[in-house]
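Two complexes come next, and they have one chain in common, chain A, joined by chain B in the first and chain C in the second.
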Partner chain A sequence: MKDIFHLHEQMKLKKTSAVELTQECLKNANESKNPVFISKLDDRALLQAQRAQERFSKNQSLSYLDGIPFTLKDLFITQDIRTTASSKILYNYIPPYDGYVSENLQKAGGVLIGKVSCDQFGMGSTNENTPFPKCFNPVNDAYVAGGSSGASAASVKENSSYYSIGTDTGGSTRLPAHFCGIVGYKPTYGRVSRYGQIAFASSLDQAAPLANSVLDMGCIIEHITSKDQRDPTQAPLGAMNLVSQLSQAKPSDLKGKKIGYSSYFIEACDSEVKKAMYEAIDTFKKLGCECVEIDLPHAKYSVSVYYLIATSEASANLARFDGIHFGHRTNQASGLEETYIKSRTEGFGDEVKRRILIGTFSLSSGYQDAYFSKACKVRRLISNDFKEAFNKCDFILNPVCASAAFKRGESKSDPFKMYMNDLFTIPASLSGLPCLSIPFSQTKEGLPIGIQLIGKSFQDEELLLSARAFEVRQ
Partner chain B sequence: MAKLSVTSEQVKHVGKLAKLEIKDSEVEAFKEHLQKVLDYAQELAEVNTDGIEPLFSPVYENIDIYTKDESYQRKDEIKESLANEAILRNAPEKSQGQFKLNAVIEEE
Partner chain C sequence: MSYEAIIGLEIHAQLSTQTKAWCFCEINTTAYENTKTCPVCTAQPGTLPFLNTKAVDYAIRAGLALNCEINLLSKFDRKNYFYPDLPKGYQITQFERPIAINGSLSILDDEGHEKKVGIQRIQMEEDTGKSMHMGDSSLINLNRSGTPLIEIVGEPDIRSAKEASGYFKKIQSILVYLDICHGNMQEGNLRCDVNLSLRKKGAKEFGTRTEVKNLNSFRSVERAIAYEWERQASLLDNGQKVQQQTLLFDVESGKTRVLRTKSDADDYRYFPEPDLMPLVITQERVVKIKEELPELPDDKIRRFVTDYSLPLYDAEVLSSSLSLANYFEECLTFFDGEPKKISNWVMVELLKLINEYNADISKSPVPAKELASLVNFVQKGEISGKIGKDVLVKMYDEKKTASEVINELGVKQISDTDSIEKIVREIVDSNPGEVEKYLNGKDRVFGFFVGQVMKQTKGQANPQIVSETLKKILSEKNE
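Presenting the complex of A and B:
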């Protein structure tokens, strides 16, 4: 598959067209056995493609994204298009309004192929926590695509779309990118408006694109970073214009950059990931980088901190699902109280219930200081550690996960054990830092292994430029 | 933070707070899971957080970036909202342009 950047040039030269690209993606989607889509929009997509093609024929293309097929994780609100959060409670929900991400990408000419599956409300690492058919890894169907944005990664890997917008709360985009061998980029918290993104944990949630290259990220991010008045937690920095700089990035740009890494995290990985990580360090050195050991003394507490904070926020956010205004309503209740309880009990999956219970507990009277507040204090220390580390380096190199993709069904045996896998992605999330996962190596069995780069707060541009310089190395 | 042993009653109580029904057949599994998370979180007790301000959102770490441009908060202006019909489109039950629900006042 070609870069969006180059496809755009070819469309301008009439060597390919929006309709051709869309037909190809739809064909791939329809022939795939992987249940990636919750809603596929064949006719609508073709119509959008025809309009894009007309613009190109008049030399009036709107952007790099004009006429390029994409998918959205089903956590993004789309006007008049069913939006389920991959859950039963929103099984038939058809939003009357458009969220920021959907609105802006289609305004830029994007062709929406469909809404794709995920772990229910973004809670999971395997895309298996869903009442819908469970998607799998396109590289090897015995393995999961990762989660929670697993189907987003799969749709890109299977060539059913050129990019997908997922969400990343504790690693939900970086992990599937690592498992499927593509690029997953979580912008700094506050870079992309969360208006119309179904909330899981509001101090952590961030829209996060998945694509085939870092250059593509530049084409995408430009259109989802303009200031949106509807989200006060979005920083007023304006659109990130990085495409031309990214297209000129070269490996020598990395000369003199300082890359920090922590052996604590690398040593916690299995032998194949560990080997890949040390190879990555060598590669950066060969490109002229200085690689320095850094210490993040509180990062090892990240899993505890995250699973208290994210669940607490989730328990509050998911209180809106009460069976009254929208979503599933039970037909088994007589009174109002019973309507709330039964609608929620019938509508939420087990993992969602587990997390609501943890969060409600950690916020409940008598326990809040010991759990939620304590976690927020340690969160501050984790964030301070990063500030300290960034005095010594420009970027941090970290594994994405201790292993390559998990076997399907593994998560069922012990849901708690799955939480441990987030150790490598959570620290950056708690501190709101920009980070991305890019393909680097593979296991003996041929499963992809990615590496994670973490940048300084709101310095997404530097992170992407260096990642691109690394991507185009020989 | 003293080590805590979660009881079945507590799980049901938390369920009640969260408006979730925990069936007798499910209590054990939810209890076990909650216990594992709390046991694991026990590690936080060893971190000295005396005098440390809690961090509730990364926004507070970057507040200068936010406040240097007044556009980060919208003005308090009345704007057009969705039509009644659009709002009610997803209502499980509706009647005369309003959401319909079960009796709010229940018999004792």
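Presenting the complex of A and C:
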């Protein structure tokens, strides 16, 4: 599979075409047994591809993304195209407006193959928390694709699309990228407008692309980082133009870079991931990097902090799904209160309910100081830890997860154990830092193992350039 | 037993911005249902609020006019509750750190002495949609959803129904003066919640309070307070306890009824709104808004008394609404005489008509210029004051100018001394018998002559000139 960057060159030279690429993706999607898609848009996609092809024939291509097939996690609002959040409560919801991500990627000429599954409302690590058929790992169907953006990763891995936009609240993009062996990149919080992204936890949610290479990330990110005044929390930095720099990155660029790592995290991993992590450190050293041990003393509280803050915000964000204005409404109720209770009981899955309950409790009067408010304070301490650590290094190397992909069905047994798996991705999320997971190794069984790189706040460019330099090593 | 009432008012005021608080929808209360809505104010999944900076300016204006400190850093919070007219499932408000705090407003107490009522805080928030109940179904109109509001939370410094309505009136007048709220209570631009508790006279501790929600007239505020006072007093007199309740006031019966009894279950789970950045206001912005503040009612009253030599009462009545004060001052620009003359006509005659027709002074069918012209006619003696009143009614009803009506009615006074003297001479000459009687000391006959002159001039002769001329001519006869 080629980079978007190179496919674009080939389309310009008429060696391939948007229609050809789209037909190939649709064929792969249709032949796949993996239930990746919630809404597949064959006809619409082919029409978009034809238009792109016409542009190429007139040498008027719009961007690197013109004519390139992609998928969107079903948390992204698409005008007139059903947007379910992979849940029952929105199974029939057709948005009256287009969200920022959908609008901008299609404006750049992107061919939308379809909307893909995820854990409902982005809550989960396996893509199994959904009433829709559960997608699995294209590398090995006994394993999950990860979550919550599992199907996004799967659609790229199984060549149903060249990239997908997922979301990352506590690791939802980095984890599936690690499980499926592709690149997952969460920009700094505030870099991509959240307008039109169904909210899970507003202070953490960030649109996050999944693709085959770091170079592709450059092609994609340019089109989803322009200033959008509809999101007041977006930083006014403007579009990130990084493609030409990325395309010229070379391993020697890494010379002299300081890479921080924490043994606390590495030692918490299983033997195969641990081995991969130490190999990664060696690889960086060989490329001329200095690897230094760093300390993130409060990071061990990050799972608790995350599951209080994210659930608290979610408890309010999901209040609008009440059966009154849109989405599922029960037909079993008489009266208002019963309508609320039954619509929500029927419409939300167990994991969503669990999180709404935790969040509601954490915000309740009498408990808020001990839970939500304290969590906000510890969040600040964790961010300070990172600031301190970045005095010693340029970026941080961390595992994405203690293990490679989980077996299917494992998550049901112990939700708390599942939460603990987020330990490696959550600290950067709580601090809003840019981070990405890139493929590095694999288990004996052949399951991919990725590594996570965490950059300084709003220094996404440096992070991507270093990751690209690492990616093109021999 | 004798009790003292501890009363605090919370006033919600809709800000009169063109567009809503978080989106670009027009604020329009008369539009068809659900036509002034968008993805944001209908809370479509994925939407985010975008703060209307005009609303912030308006809130700062209110804060400054009510002598508040403006918080240069304030925050928005979510207040969580389920209701169909609240599509997000939470209201965006300011809980922890509102935009303005620690203000005050001076009002008159029941003895007429000035007293200060503390303003605890002014917070920015948003209005909900409207529910309409029809039979066994309910309809929701979201045109109002997301309209910017300020809530003005007063300290419990008020002690009587009259003080309360005085405070509410003054707030209304200030908001309208500031041009930040239409101030129309029937349309729900202003709503008032009354918190009231009783304690024995002289006691230090507070009693349990009740809250009467959503009062939308000054009279309702007074009636609700009177009723609650009575109700709580009789509970206490009978040794019963007042329950902490939220009440609604029924305008028909004049009674309150329970909306809900407060309990621990009442928990709005406030927390910082993660979709909006903290609101940072620069000192320069505050200074600029302060410089641009219009004249407020108290200043205007003082100015009317000193500049126009009006009695305090007149100044207060005329300043009670901005449009009335503006009307008065506009009249003066077309008038040369004593401002008090205009004041009398505006306050007594014009307001009588306005009130009779339940109209609005700013849309008066008699423009200020025409009222001034009418008063000019009276002042110059061209019509009598009595006829002037009839002329005004006709001007009002038929939307005509003063001179049009005066000409039409033919009521212009004859003040021309020569023509009056001519008439008087004719009458004196043709009634020698009556002249005789007058000269013999029958003073009453003077009235006969006046009557004759008026009869001949259809009442239009200037009475003063008639009387002077008569005296002159009759005294000639005596020589």
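Here is the rule we use: the second predicted complex is superposed on the first by the 474 of 474 C-alpha atoms of A that agree within 3 Å, B and C clash if a C-alpha of one lies under 4 Å from a C-alpha of the other, contacts with A are read in each partner's own complex, and residues count from 1 in each chain.
Quick note on the criterion: contacts are C-beta pairs under 8 Å (C-beta built on N, C-alpha and C of every residue); 3 or more make two chains touch, one makes a residue touch a chain.
Predicted model, so just to flag it, every value in this text is computed and none were measured.
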| item | value |
| --- | --- |
| Which of chain B and chain C A:Lys285 touches, first, second, both or neither | neither |
| Of chain B and chain C, the chain that contacts the larger number of chain A residues | B |
| Touching partner for A:Arg354 - first (chain B), second (chain C), both, neither | first |
| Touching partner for A:Ile324 - first (chain B), second (chain C), both, neither | both |
| Partner chain in contact with A:Ile77 - chain B first, chain C second, else both or neither | second |
| Touching partner for A:Lys255 - first (chain B), second (chain C), both, neither | neither |
| First (chain B), second (chain C), both or neither touched by A:Arg230 | both |
| First, second, both or neither for A:Lys27, with chain B first and chain C second | neither |
| Touching partner for A:Val303 - first (chain B), second (chain C), both, neither | first |
| Touching partner for A:Lys407 - first (chain B), second (chain C), both, neither | neither |
| Common interface residues of chain A - those touching chain B in one complex and chain C in the other | 93, 95-97, 202-203, 229-230, 232-233, 315, 319, 322, 324-326, 336, 340, 360, 364 |
| List of chain A residues in touch with chain B within their complex | 92-97, 188-190, 202-203, 227, 229-230, 232-237, 298, 301, 303-305, 307-308, 315, 319, 322-329, 333-342, 344-345, 348, 353-354, 356-358, 360-361, 364, 370-371, 373-381, 383, 415-416, 419, 431-432, 457-458 |
| Chain A - residues contacting chain C, complex | 76-77, 83, 85, 90, 93, 95-97, 99, 194-199, 201-203, 229-233, 312-313, 315-316, 318-322, 324-326, 336, 340, 360, 363-365, 368, 372 |
| For the chain C and chain A complex, residues of the former touching the latter | 38-39, 42-51, 78, 80, 82, 84, 87-90, 140, 264, 267, 269-271, 274-277 |
| Chain B to chain A touching residues, read off their complex | 1, 10-11, 14-15, 17-21, 30, 33-34, 36-38, 40-41, 43-45, 47, 49, 52-59, 61-62, 65-66, 68-69, 71-74, 82, 86-87, 89-93, 99, 101-104, 106 |
